[in-house]
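Dropping the structures in below, format is structure tokens.
Okay, so chain A shows up in both of these, paired with chain B first and chain C after.
Presenting the complex of A and B:
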């Protein structure tokens, strides 16, 4: 009985609690350190969350479709390295480097989509393997060297990462614009509806004449498009990149998507909620830094957040915190 | 049978209710040591619920269970085992990669010091049991290498590791050949001789008469009585199972039958079904009746593009079709309301409206966007027509009753205006009131000129809604009846494989 009541509480917490906890966290930190809520700090958090946020938008589609994409961090490193290298290549230059990089990144996304969608391979295995494969591909491509733009004054390439418009950083504008477009795609178009149907119940979707494989394929294509965009922002901001610039981001992205309330079982979540999840994660990490904790503590915190979010999601589904059967 | 001894198992006034359903209503019977006691009833009569109560999976709301006259309160499957109540399930649950011995003693392997497995004892004990069963394999055989029948023997061996008082067989012959059945019956006779009480669940009349001593019948969760097998006949049992309430005259008169909508010639699909031929005309309901595993659902799935036929032809309005996917089937105008509403029919987390419009969502657009207005219009139309009771189109279908969920699935396909509507188990798990609503709806659809195929495991349902009935047995069409000529007896005989009094 007690367990049931606890479970109901967990259910409410899972639906609303993350927002409540977030607000409490914000109030607590603001009282403790007024700098936390300052305009500069808030803007700083939003700006530094843009790259993660853009990637999380794409992964939202994959997760709602009932799959995972763990290759996004590694793939982001790849796109940053590739776009920088082609930028330095006289045959390309910035104007051609960008579309070429998008094409290469999305080709890898298409391969993920083909393997998971059409061949029905387990998405965890496919994209975890892809994480490793792309890392190898990136190192092969770069010869293990970091990539830098030699003459940073002579290129307009920096606008994606460093530019501002009307006083707002371009990365934030890209994040907001992409979020708006993808929110409409997911919520308002037949394709979006099919993503929810396939993730909610792929058998029933198939029985309703929904082309499951094609829908899954496109979720991965969208994910890789977002990764390419993130890679572009990253490369443009630093005008140089290490082979490992995206390492570990896959987990942070997943944490943001789950924090936003998308179920790992598929079929639920929205673009807007993911944006909230990204901001929550950003503010928590920022708060911990302001509290004087070392940067790497955030890796542990990310793990704790994922565990809590997943547990609460499952508890909400079965209406209790623990159950011997699924 | 020895009725002087105290019963091995006795049920006393068992009642079990679920929200909205009285699944078991005052069920009482007893099984004596050495008796084979049949438990019969239609699908949904409460047999499975009763088994779950006996197995400690459900607890009865009222009533008591006695094993050898000692009251047994069983709240987990382990309790049932401890009391000597063992189950042989229709679905085998064996670890294929392990040996027979490991499966038989799964979870309780004999141990030596330091927790090491005592293999010698394990194999010796298992071989001892296998000898009792007179099987042709040993304790060391890998279970995955055994035939289905022999795997079933492993399940039975498992039941014999404890001092079993009662062994319950749930449709044990469903996947056995005739020769394998003979072996199974010998094993059952052996258990009987050892004084074990046996509960035998089966739909197959010939088996019931061959091996059981008494027969208890359930109908709609109610205990209808116990018959002595040697003093009864198929008619009496059938009557008890189906009841007098069956009123065939309520069936609306046959509508105006139009052109042939669907014609199937010699359709086969591997070992699932062979040489199936039938046709469905506009304005009629054709019922498919047969035992579970007779191949009815598989035919529907083939027509809907989910399976590829190995031979035969499908014609829609005299045009031959090749259907490779549900998408193609839907485009040609074939719709399927599937057997399993929750797994195959609905996206439970989605709202009512989105479920209804799902197959045509790509066409309900204004520019690139789904048209809210068009969707709501379709939802409203089918909510009114099918009398779907839901607070709003925004409600998740998972929150609706079974009957309303089924109407959503039917509405989804009616909205596609199909040439042929196939409905697989239209009223499974649905309360009695919604049942008759759905039956009337199916008749009404035929009256409006739809060609309807209804697959059902419930005889009253098939008799009530069908104009013609295709009786199937083991993947074959035994006979196609006209509604006017069909009798319950002839139908039961046909689906049991009996033709002109002989087993086919």
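Presenting the complex of A and C:
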């Protein structure tokens, strides 16, 4: 009986290992430095993780659907550049610039979805190609120039990145709100179940009458919507952007999603776990900085944590630590 | 020797046909739009192209081997940077000063050793933990980059040695050292993959890992060797490149993995493993570099290069699907 309970406990530990590790990490750091858990610090971390986090929410859908999206970094640069440029365009102004940017970004997401969903092309290569193509598109659009808002005092555009409501930073609210909506979409709706089905077993899903192509298409559309939101926060916070502002983020986003426990095979992962993955990356970075270490130490720590997390996850599933590969 | 049918010939030779097409297009278009007086197919221009292809090309050869074996390596850019930092920094060590010019081969060896060790780390993790290579090397891409920064902060690492520059810019009949290294790497890798037991086994493992295991192949050691090979090649690429320039920034080599994968895929290697060729990858590398130079030659903005390469990559994938309906390749994890 006791043994049984122990086994159950081990099972929970294996399944929620990343959450347990996260809590232990938070407690340890808080004991060591009380400033770590202070309200300002926590908000600061969540605020600075919001851009990465919002992108990770969308990529979670794509990954659960059994695909990859490597184009989110350069797509984010694109949306930031576009929204800043249209903001400065007298024909648009901020109120029109934002919907226009969302439309353009989601059109590119739709193209991704069409290529991977309907044409059944390999998502890794397609989005790799799109990474390069979108970067080229951004540079062509901007002529290689940085974009800036000339008169930063005269616009309300800054609220998305700089504003607060009830003492909570707006980026945090956007991140939390979007996470809540997408969590419901993924866990409680027929569409969400179809995403799991398509990613879990494509053949079985097809035989069950689930339109694979359409579901995959929509995962990319959701991803691009999240990217556009991230681009809006980024542009609004800095009121200016370089052409390469999102460069390299695609792999960090993927790291957060994997850290949350989504399998690259598709069919597993949740929005909540991705949020945990994002927060782990954010708090590790913050904790190491508070410890007085340089920012790049986090890269090495992240490396070790990602591999340990995925390794333990796999080991728990196969019931042995070392791989059976001869 | 298998007899090739027409479809195979089209698929195998597609990249070379594409290169010829590029050469013709840029030569003709260049005579209308080019600002420069010299012809595009100038012999010196082609030699320069070979030299400029070397850094990505050497890495792409390693990536081909890894992908034939059914894995992928996203950490090559960081390996490239760390090897370069070790090479240039080691020449500043007091102990190396006593060696005179013999410090150069020692520094090269240290760089290659760095690459081999980093490749070994990736390989042993993939082998022993069973975590997919995509995730392992995604992590080490961050980790190795962190090591680069930890080594020398955010400062560039440099060492100027004129003897080393002379070696790096030495040429045989106009073909400079980096180009010679690229050609040598292509030839050796081609021999390994087509003429040795290891090469044959690597194809077999990539094609069907389970069948390879049942046939008694030791999958792990072969994967490990291939990771050591790609790490060493990334280091060799750094040696060939930084011996001439003598200065490396901690962000150098970023996105190299993506360029290398692009070249490999253009060259016809499948993500699923089990098929692909070193010579095809060489073609892919040349095609990309030709495109860069060609677009510059006809006065297109450098910005359009990314757009064109990305579109071509997707188009190639689409055509490949049309030519090869049964190839249901998906990312294998």
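Criterion: the second predicted complex is superposed on the first by the 281 of 326 C-alpha atoms of A that agree within 3 Å, B and C clash if a C-alpha of one lies under 4 Å from a C-alpha of the other, contacts with A are read in each partner's own complex, and residues count from 1 in each chain.
Note that in this section contacts are C-beta pairs under 8 Å (C-beta built on N, C-alpha and C of every residue); 3 or more make two chains touch, one makes a residue touch a chain.
The structure displayed is predicted, hence computed values, not measured ones.
> Between chain B (first) and chain C (second), which does A:211 come into contact with in this model arrangement: first, second, both, or neither?
The first partner, chain B, only.
> Between chain B and chain C, whom does A:200 touch in the aligned arrangement: first, second, both, or neither?
first
> Once the shared chain is lined up, is A:267 touching chain B (first), chain C (second), both, or neither of them?
A:267: touches chain B, not chain C.
> Touching A:307, do we find chain B (first), chain C (second), both, or neither?
second
> Please work out whether A:188 is in contact with chain B alone, chain C alone, both, or neither, and reply first, second, both or neither.
first
> Among the partners chain B and chain C, which is in contact with a greater number of residues of chain A?
Between chain B and chain C, the winner on chain A residue contacts is C.
> What is the contact status of A:95 with respect to chain B (first) and chain C (second): first, second, both, or neither?
It touches nothing on chain B or chain C.
> Once the structures are superposed on A, label A:122 by its partner contacts, choosing first (chain B), second (chain C), both or neither.
Second partner only, chain C.
> Would you mind listing the overlap between the chain B footprint and the chain C footprint on chain A?
In the superposed arrangement, which is not itself an observed complex, chain A uses no residue for both chain B and chain C.
> Which chain A residues qualify as touching chain C in the complex?
66, 68, 70, 115, 119-126, 128-137, 139-140, 143-144, 247-248, 251-252, 254-255, 258, 263-265, 294, 296-304, 306-307, 310-311, 314-315, 318, 322-326
> Any idea which chain B residues touch chain A in the complex?
The contact residues of chain B facing chain A are 304, 306, 325-327, 329-330, 336, 338, 343-350, 354, 358-359, 361-362, 364-365, 368-370, 412.
> Can you check the complex and tell me which residues of chain C touch chain A?
Those residues of chain C that touch chain A are 74, 125, 127-132, 134-136, 138-147, 149-150, 153, 213, 218-220, 223, 254-255, 258, 261-262, 265, 271, 301, 303-314, 317-318, 321, 329-331, 333.
> Can you name the residues of chain A that touch chain B in the complex?
184, 188-190, 193-194, 196-197, 200-201, 203-211, 267-268
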